[in-house]
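There are two complexes below, and they share chain A, which is joined by chain B in the first and by chain C in the second.
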Partner chain A sequence: MNYRNLSITELHNLLLEDKVTPLELVKEAIKLAKEDDNNAFEYICDEEALKKVESLDSSKKNNLFYGIPVVVKDNFSTKDIPTTASSNILNGYVPIFSAEVVERLEAQGAIVIAKSTLDELAMGGTGTSGHKGTTFNPWDKSKTRLVGGSSCGSAASVAKGIVPFALGSDTGDSVRKPASYAGLVGFKPTWGRISRYGLFPFATSLDHVAYFTRNVSDAAISLNVLAGHDDKDFSSSFKEVPDYSKHLTDSIKGKKIGIIKGVVNSMSDKDIIAVFNKTAEGLKEKGAIVEEVEIDEKLLKAIFPTYVIISCAESTSNNANLDGIKFGARVEGDSFEEVMTNTRTKGFSRLIKRRFVIGAYSLLRENADELFIRAQKCRRLIVDAFNKAFESYDALIAPAAPSVAPEFAHKSDALDNEYLIADNYMAYGNMGGYPSITLPIGFKDKLPFGINLTAKPFDEVNLLNIANAVESVTGLKDLVAEDR
Partner chain B sequence: MKKVTKEVLKSNAEKLMFEMSDEDLDLLVNEFGVIQEQMSLIGEIEGVDETTPMTFPFDVTSTFLREDVASEPLDRELALRNAKDVVDGQIRLPKVVK
Partner chain C sequence: MEFEAIIGLEIHVEMKTKSKMFSSGPVSFGEDPNTRVNPVDMAFPGTMPTVNKQAVINAIRVSNALHMDIDDTVIFERKNYFYSDLPKGYQITQQFRPIGSNGYLTIETSNGPKKIEIERLHMEEDTCKQLHSWDFSLLDYNRAGIPLIEIVSRPDMRNGEEAAKYVEKIRSIVTFLDVSDGKMEEGSLRCDVNISLREVGATKFGTKVEIKNLNSLNNIQKAIDFEISRQSIILEFGGQIEQETRRFDEGSKETVLMRVKTDAVDYKYFTESNIAPIKLSKEFIEDAIKTSPELAETKLERYKSFGLNDYDSNLLIADHDISNYYDQGVKSGCSPKLLANWIIGDVQSVLNRDCISIKEFKITPENLGKLVLLIESNKVSNKQGRDIFAEMVNTNEDPEAVMNKLGISQVSDEDELRKVIIEILDVNEQSIIDYKNGKGRAIGFIVGQVMKKTQGKANPALANKIILEEIGRR
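The block that comes next holds the complex of A and B.
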């Protein structure tokens, strides 16, 4: 039987009806993972996964994740399973504990079948900078297009139908942008909603746990498992966790939805804009009030440079512990300083080194006022502008990307409005910690593209309902590459 | 904005404890050119320098004390499992006094 486009609930029902066993599901997922030709995986946990299936507690079989194979981005700690964050400096590192989110999934009976590739240390948006090389977009058979990053392997594994759920992380748009390129739901809940314990930090004030599914209902089910306070993460919220799937509806009558006009105006692809507008019309027909929202263009253009400076600066200190001494791929030297320098010189890629230097330079006392501090000030202006918009709107929407998945050879003009705004605006969701979700709305040249919806902090119930309404307007769900 | 030179960037890389090739330093000087142009967009925003810097998305209220119960957080063997050179329960590094 083909399980590739089934939802978590559908797989769960098959398991309950004894039409399939967890062992069969996991073996099938491992087989598909081993056949993968998109470079989606750092490590396939076949032996570990099969052992975990054997020890599953059948009294938990009513849990929706019981026996469900899942993939975890390789920047989450997984006990006794190699974890490298796709960086050579962590080659050979085997964590002694699992990230809180991995524990929560496993406690429900989910089986981790593989660790997925990423841009090195999650610092990239193309899926081309990990130490295993380029990850390909499963929708593009010619293997000339990116799937996006940094959560490239997780996106590819869900898009290919290997698993129905994969964990990712999102610091700028690292789940929500690949979701657009891969025809998936990519969801980043509010900052603090999901514990980050065990997620390798990139930029602490912007990092979020996020994930991919193939439909909105599965995204709601997954949040039920992952959300909630964790004493081990001091940024974890104490806010009560509602039952997200119980509240899920596509009734959006009277909801106010704002189209971020500046994003659409910066785009050149008329086909994508037309499908986006048609989707917005569909929401109106379902009773929502849809209007254009004006956000100062200067602020929209400032999102990307603000993000670059803050994220690079925070990353330099977060990655200072990668020295090869306590863990990691140590390179010998004549002194401890030389050990550290040799390890870091050999372990980090050229790109990562440049990012770190950008961060360190921005933090220097003589530069900080014009770079790091100014970026932090600008962040407040950006967040204030969006907070004001959220006073009037239940959600803000815009195309998640200005194009379908670009070719690897594609180069953007770094000062062009389309690049600065439409290609990079979603980082506002990280700056304000807003819950933000991408889902597919159409195809162009047989490649998917998506819409992004964002709401005020901790308003996931509302956001998921509006996303659910989008899904019922477009009818695009449970998409698997190669099915079309 | 100050001119970014290769020398300054090289000294930054040294502080970060890694070496960079000449080619990469040249590339980085060019990348800084773009970043500075992008950052100049921020400088044009009215009131930016009078704003209070934002360090987190919103106030975090997770302040609490754990119960005062003694516990063993990490076994020594486990803590050292990923170190490459361990002798007598300690990580070995090159001698400081030679």
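The block that comes next holds the complex of A and C.
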């Protein structure tokens, strides 16, 4: 039987009806993972997964995730399973503890079948910079297009139908952008909603646990499992965890939705804009009030440079533990200084070093006012502007990307509005810690593209409700690359 | 030329909280290396800091004792640098908003009292301990993450004596507040001295030298005195002081060069965003202060109010553990004066005899208090009390149990018993008449009354004997 385009709930029902066993599901997923030709995996948990299936507690079979194979991005700590964050510096590192989110999934009976590739240390948006090389977009048979990053392997494995759920992380748009390129739902709940304990930090104040599913309903039921306070993460919220799937199909009549005009205006692809507008019309037909929202273009253009400075600065310190002294791939030297220098020189790629240099430079005493502190002030202005918009709107929407998945050879003009705004604006969701979700709305040249919806902090119930309405407008869900 | 020294001190105090500053790893001293460590202390990827509440309470208490302004918002920064003893590649500290600021301390010097101003007090975490050998270094992560408070004075001290007195006072404060062991020799209280010289009357500061590795009050004084004369000689001969870090060498009693300071390191401070700013409520701060253990001065006043003389009070206060023992004992409700005598006398002599500290002393303060109560209420005599004490030293049994065991549970004191019997006979004349008229049973009634009055503790044979004697006299 082909399980590839089934949702978590559908698989769960098959399991309950004994039409398939957890072992069969997991074996099938591992087989597909081994056949994968998109370079989606760092490590396939062949033996580990089968062992975990054996020890499943069948009294938990009513849990939706019981027996469901899942993929975990390789920047989540997994006990006894190598975790490298696709960086050479962590070659050979086998953690002694699992990330809180991994523990929560496993407690429900989910089976981790593989660790997925990423841009090295989650720094990158192309899925090309990990130590295992380029990860391809499953929708493109010619293997000339990226799937996006940094959560490239997780995106590819869900798009390919290997698993119905994959964990990712989102610091700028690392889940929500690949979701657009891969025809998936990519969801990043509010900062603090899900524990980050065990997620390798890139930029602490922007990092979010996020994940891919193939439909909005799966995104909602997944949050039910992942959300909630964790004593090990001091920034995780004590707010009550509602049932996120309860109001999914409620009417959106009267909901106010704002189109971020500046994003659409910066785009050149008329086809994508047309589909986006049609989707917005569909929401109107369902009773929502859809209007254009003006956000100062200067602020929209400032999102990307602000993000670069803050994320690079925080990344220098977050990765300072990778020094060859305690774990990872040590390169010897005659003194501890030499060990550290040699390890870091050899262990990080040029792109990573470039980010560290930018980050360290912007934090130096003589530069901080002009760079780091200025970026922090700018972040405040950006967040203030969006907070103000959320006073009037239940959600803000815009195309998740200005194009379908670009070719690897594609070069953007770094000072062009389309690049500065439409290609990079989604980081506002990280700056404000807003819940933000991407889902597919159309195809161009047989490649998917998506819409992004963002709401105010801890308003996931409302956001998922509106996302579900989008899904019913487009009818695009449970997409699997193979089928087209 | 005449010079004056300008001295400022930075003191690091290791807190003896249960767990570490930012992890649930246990705080320990003297355990086997790398046995008191959790993934957070080793900076394994993905670990995150959590804030130790008791450490915050301790910092508030010390700030209060140093008359500081207490910031009601707790924020931490990262101090970024690479070093082998620094697991994360940064230290979490409070650079921009120390929890305590603008305080002072008054010290007693040979020239009278002097006020030393204190700039700041902040919380941070300790690094791991290094052991260097000729061609390798060992790292012990037990110490990594132990909570520290750093106390930075203003450059208000002028000589070694003042610096030593200042450190002594800080040590008394942190030990009496139960914040730290304050043991300089074991590194739980560490002191760095910044010292520069200038001509008397000059307003500009001279070049600053830092002295490290000072592990006793005595060495602080010696190091500073040495450094003052070293720098004076250089300046006297027209030389220049280099900006450098020196350490005190115990053997030669001199300061020796460790490293010349080049440009100050840029630590690239920025906010630790894993810890959202914590707003301390007024109640929380007030409660921390209200429930704070007593400082030495306060204790002294209290002891004097018990009627203890200066000498005895100071004896008790000299050792923080002994004064804690005493305070526990006083809670039993016994006479504070009598208890003090027991501790200073009998207890101290056992400690000396067995070469043990009060912490190893078997008798709990509660039980010693009970013993004193027995003596006070004349249930046992002083001599009997000593016998009970001698037994308790080995067993820490309840004093009343020991009393029973040794058979001194009854009122066997003849004089005391006689007093009771006379009282009873005085109000029972009919019984005396009955007895004298040959009614032997009447004596039984009197004995019953004696038992009732002494709550059954009178020795019956003795009581019988005294009753007969007393009746015979009437």
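The working rule: the second predicted complex is superposed on the first by the 483 of 484 C-alpha atoms of A that agree within 3 Å, B and C clash if a C-alpha of one lies under 4 Å from a C-alpha of the other, contacts with A are read in each partner's own complex, and residues count from 1 in each chain.
Note that contacts are C-beta pairs under 8 Å (C-beta built on N, C-alpha and C of every residue); 3 or more make two chains touch, one makes a residue touch a chain.
Because the structure is predicted, anything quoted here is derived from the model rather than measured.
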Which of chain B and chain C A:Val461 touches, first, second, both or neither: neither
First (chain B), second (chain C), both or neither touched by A:Ala122: neither
First, second, both or neither for A:Asp323, with chain B first and chain C second: both
Touching partner for A:Lys377 - first (chain B), second (chain C), both, neither: first
Touched partner set for A:Ala85, first chain B, second chain C, both or neither: second
First (chain B), second (chain C), both or neither touched by A:Met426: neither
Partner chain(s) touched by A:Ile30 [first = chain B, second = chain C, both, neither]: neither
Touched partner set for A:Phe234, first chain B, second chain C, both or neither: both
Touched partner set for A:Val94, first chain B, second chain C, both or neither: first
Which partner, chain B or chain C, touches more chain A residues: B
Chain C-contacting residues of chain A that also contact chain B: 93, 96, 205, 231, 234-235, 316, 323, 325-327, 336-337, 340, 360, 364
Contact footprint of chain A on chain B as seen in their complex: 1-2, 4, 8-9, 12-13, 15-21, 24, 27-28, 31-32, 34-35, 37-39, 41-45, 47-49, 51-58, 60-62, 64, 66, 74, 78-79, 81-85, 91, 93-94, 96
In the complex, chain A residues that touch chain C: 76-77, 83, 85, 90, 93, 95-97, 99, 196-201, 204-205, 231-235, 313-314, 316-317, 319-323, 325-327, 336-337, 340, 360, 363-365, 368, 372
Chain A to chain B touching residues, read off their complex: 92-94, 96, 191-192, 205, 229, 231, 234-238, 298-299, 301-302, 304-306, 308-309, 316, 323-328, 330, 332-341, 344-345, 348, 350, 353-354, 356-358, 360-361, 364, 366-367, 370-371, 373-381, 383, 414-415, 420, 430-434, 457
Chain C - residues contacting chain A, complex: 39, 42-51, 78, 80, 82-84, 87-90, 137, 139, 266, 268-276
